[in-house]
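Here subunit A shows up in two complexes: once beside subunit B, once beside subunit C.
Then we have the complex of A and B:
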């Protein structure tokens, strides 16, 4: 019986090919999604973080502090990150993708009952060479706006591909 | 639904902060798998099995379950808001996932005022913040920009 020939692992692509690939990622990712900000979601996130500020639980307390309604803690953006946007990317090089860092801008507070629209785009993608070898770095940006057209937040997430 | 025993943050003003001022350390933990599971529930995201299944984590070459980076950053962000008080408005926040937090690790949340300034009639505080574990390793360095009310205005 002849030996079974196993397929070779895919050859590692060149730096130029990796750079070309990364450039193709730049631009919008997926379609915009609109979702309702629910009271239960706000409560769950606040309790998960031990954030007991009454503005996250009590409408009267929130309005007394000048808000339009019960205020979503800013980390609730992660609920919409995971449920409303494409956040995993395929890379034709490297072995592992690491969530490196996040940069947040905050504007109009998000309150219960808001219709939040999320738009995602890849805004930067480049190849670097570090101590551990070749490193892909991609930055995706999610912009969160409410039903009044107001910008609520911008979240820029950097992933590293090693 | 049971009523939550809420706690309003202290009232603080721009004048309460000065450059170089250390903020009171807040210790969370020991962090547990339950903290991660609760975070996963709040995010409705259970896809990364290594965040809650030790067998899978080790099979993937990790030393064990790793708590989510955004969870740790969100705890830090929440603490920043506690430090800055109920009248504060968070303008920017930045964090890096530099080191892992594993079940039973402690998380010491620390901060220092980097700069205080006024611009266009508004008062701002810039601070650096970070999480260290029980071995003194910085796992989550970060920074924040906060707008604060002026006392008596």
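Then we have the complex of A and C:
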């Protein structure tokens, strides 16, 4: 005699458990990282964008317009997002993670030769109930500071888990 | 911390000339090709296969084509603002939602419309609604921005930009 045992699909955790899990995500993520802003990376990005303002590749032009050096296009922050920080999170519920929103604050241009320090933290995590059912919403924040102690930019990324 | 006070010479918008409801000059990019997407992905070191592997994008992820990068779309809208503000103004805050996909063949127009303006100390703060519209008229990336501008004859906005220079509202 044998019975066919079929594994039940993993039970979805309760809302209370999901909320408790999300709360555990709040706080610093990984170690702070310091990285050099390289000329090649800045030049490659400006050309890939078709942003031909010479402040992005000509030091004399950048300095003549008052910048400390060759100015990185702001999306260079994403290079350090991908290469220096933890950006994927595991969720014990839901099926798919969607990148929903980005919010930037800009304070000081990033220039070639800067030593940029990136600190990452989860600053908000909550459970919502929308038209499509349960939705986790997490906001991670990356703060970019230069070697002079100046805050250059803040990037907040909102992910949805559904 | 030092504050840069040098003359910045780029022709930028002046607060006094800005009117609520005004459209700022658009920025058009495209038609996008797979070469644009590959080049951007390499510059970003973003190796997600939906940006360069057509078979993976369409068969595994069920997408209509390889995807134009969200970070690239954001840049077009940031460039719209930096071009408008010039060297004397300062795009302070900008945020975007990802509502739609863009694929090779799309021509994208970044646009902005002034929704509010307020004098703050020797500067002016301007709020804008911004977006990225395809040749089909579809909006993929609605957002908002806050830009600080000089007033006519006034000093350029200093950076590192500290919101304290605006005084209290």
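We take it that the second predicted complex is superposed on the first by the 155 of 162 C-alpha atoms of A that agree within 3 Å, B and C clash if a C-alpha of one lies under 4 Å from a C-alpha of the other, contacts with A are read in each partner's own complex, and residues count from 1 in each chain.
Throughout what follows, a residue touches a chain if its C-beta (ideal position, glycine included) is under 8 Å from a C-beta of that chain, and two chains touch if they have at least 3 such contacts.
Quick caveat, the model's predicted, so the values are computed rather than measured.
K.L.:
Following the superposition defined at the top, how do subunit B and subunit C come out on subunit A, clash or fit?
P.N.:
Clash - subunit B and subunit C, as placed by superposing on subunit A, overlap.
K.L.:
Pick one for A:44: touches subunit B only (first), subunit C only (second), both, or neither.
P.N.:
both
K.L.:
By the touch definition at the top of the document, which applies to A:151: first (subunit B), second (subunit C), both, or neither?
P.N.:
It touches subunit C, and subunit B stays clear.
K.L.:
Just to be sure I read the superposition right, which of the two partners does A:139 touch: subunit B = first, subunit C = second, or both, or neither?
P.N.:
neither
K.L.:
Scan A:116 for contacts with subunit B and subunit C and give back first, second, both or neither.
P.N.:
neither
K.L.:
Just to be sure I read the superposition right, which of the two partners does A:22 touch: subunit B = first, subunit C = second, or both, or neither?
P.N.:
So A:22 meets neither subunit B nor subunit C here.
K.L.:
Quick one: is A:100 in contact with subunit B, with subunit C, with both, or with neither? Answer first, second, both or neither.
P.N.:
After superposition on chain A, A:100 lies in contact with both partners, subunit B and subunit C.
K.L.:
Is A:57 touching anything from subunit B or subunit C once the two structures are fitted on A? First, second, both or neither.
P.N.:
Touch partner of A:57: subunit B, not subunit C.
K.L.:
Examine A:108 and indicate which partner it touches, taking first as subunit B and second as subunit C; both and neither are also allowed.
P.N.:
Only subunit C; A:108 stays clear of subunit B.
K.L.:
From the superposed pair, tell me which subunit A residues show up as contacts to subunit B and also as contacts to subunit C.
P.N.:
41, 44-45, 47-51, 65, 73-75, 78-79, 82-83, 98-106
K.L.:
Name, in rising order, each residue of subunit A that touches subunit B in their complex.
P.N.:
41, 43-45, 47-54, 56-58, 61, 65, 73-76, 78-79, 81-83, 98-106
K.L.:
Quick check: in the complex, which residue numbers of subunit C touch subunit A?
P.N.:
Touching subunit A: residues 1-2, 4, 6-10, 29, 36, 39-40, 42-46, 70-72, 74-76, 78-79, 82, 87, 90-98, 159-162 of subunit C.
K.L.:
Where on subunit A does subunit C make contact in their complex?
P.N.:
Against subunit C, the touching part of subunit A is residues 41, 44-45, 47-51, 64-66, 68, 73-75, 78-79, 82-83, 98-109, 148-152.
K.L.:
Under the stated contact criterion, what part of subunit B meets subunit A in this complex?
P.N.:
So the residues of subunit B touching subunit A come out as 1, 4-9, 28, 35, 38-39, 41-45, 47, 69-70, 73-75, 77-78, 81, 86, 89-97.
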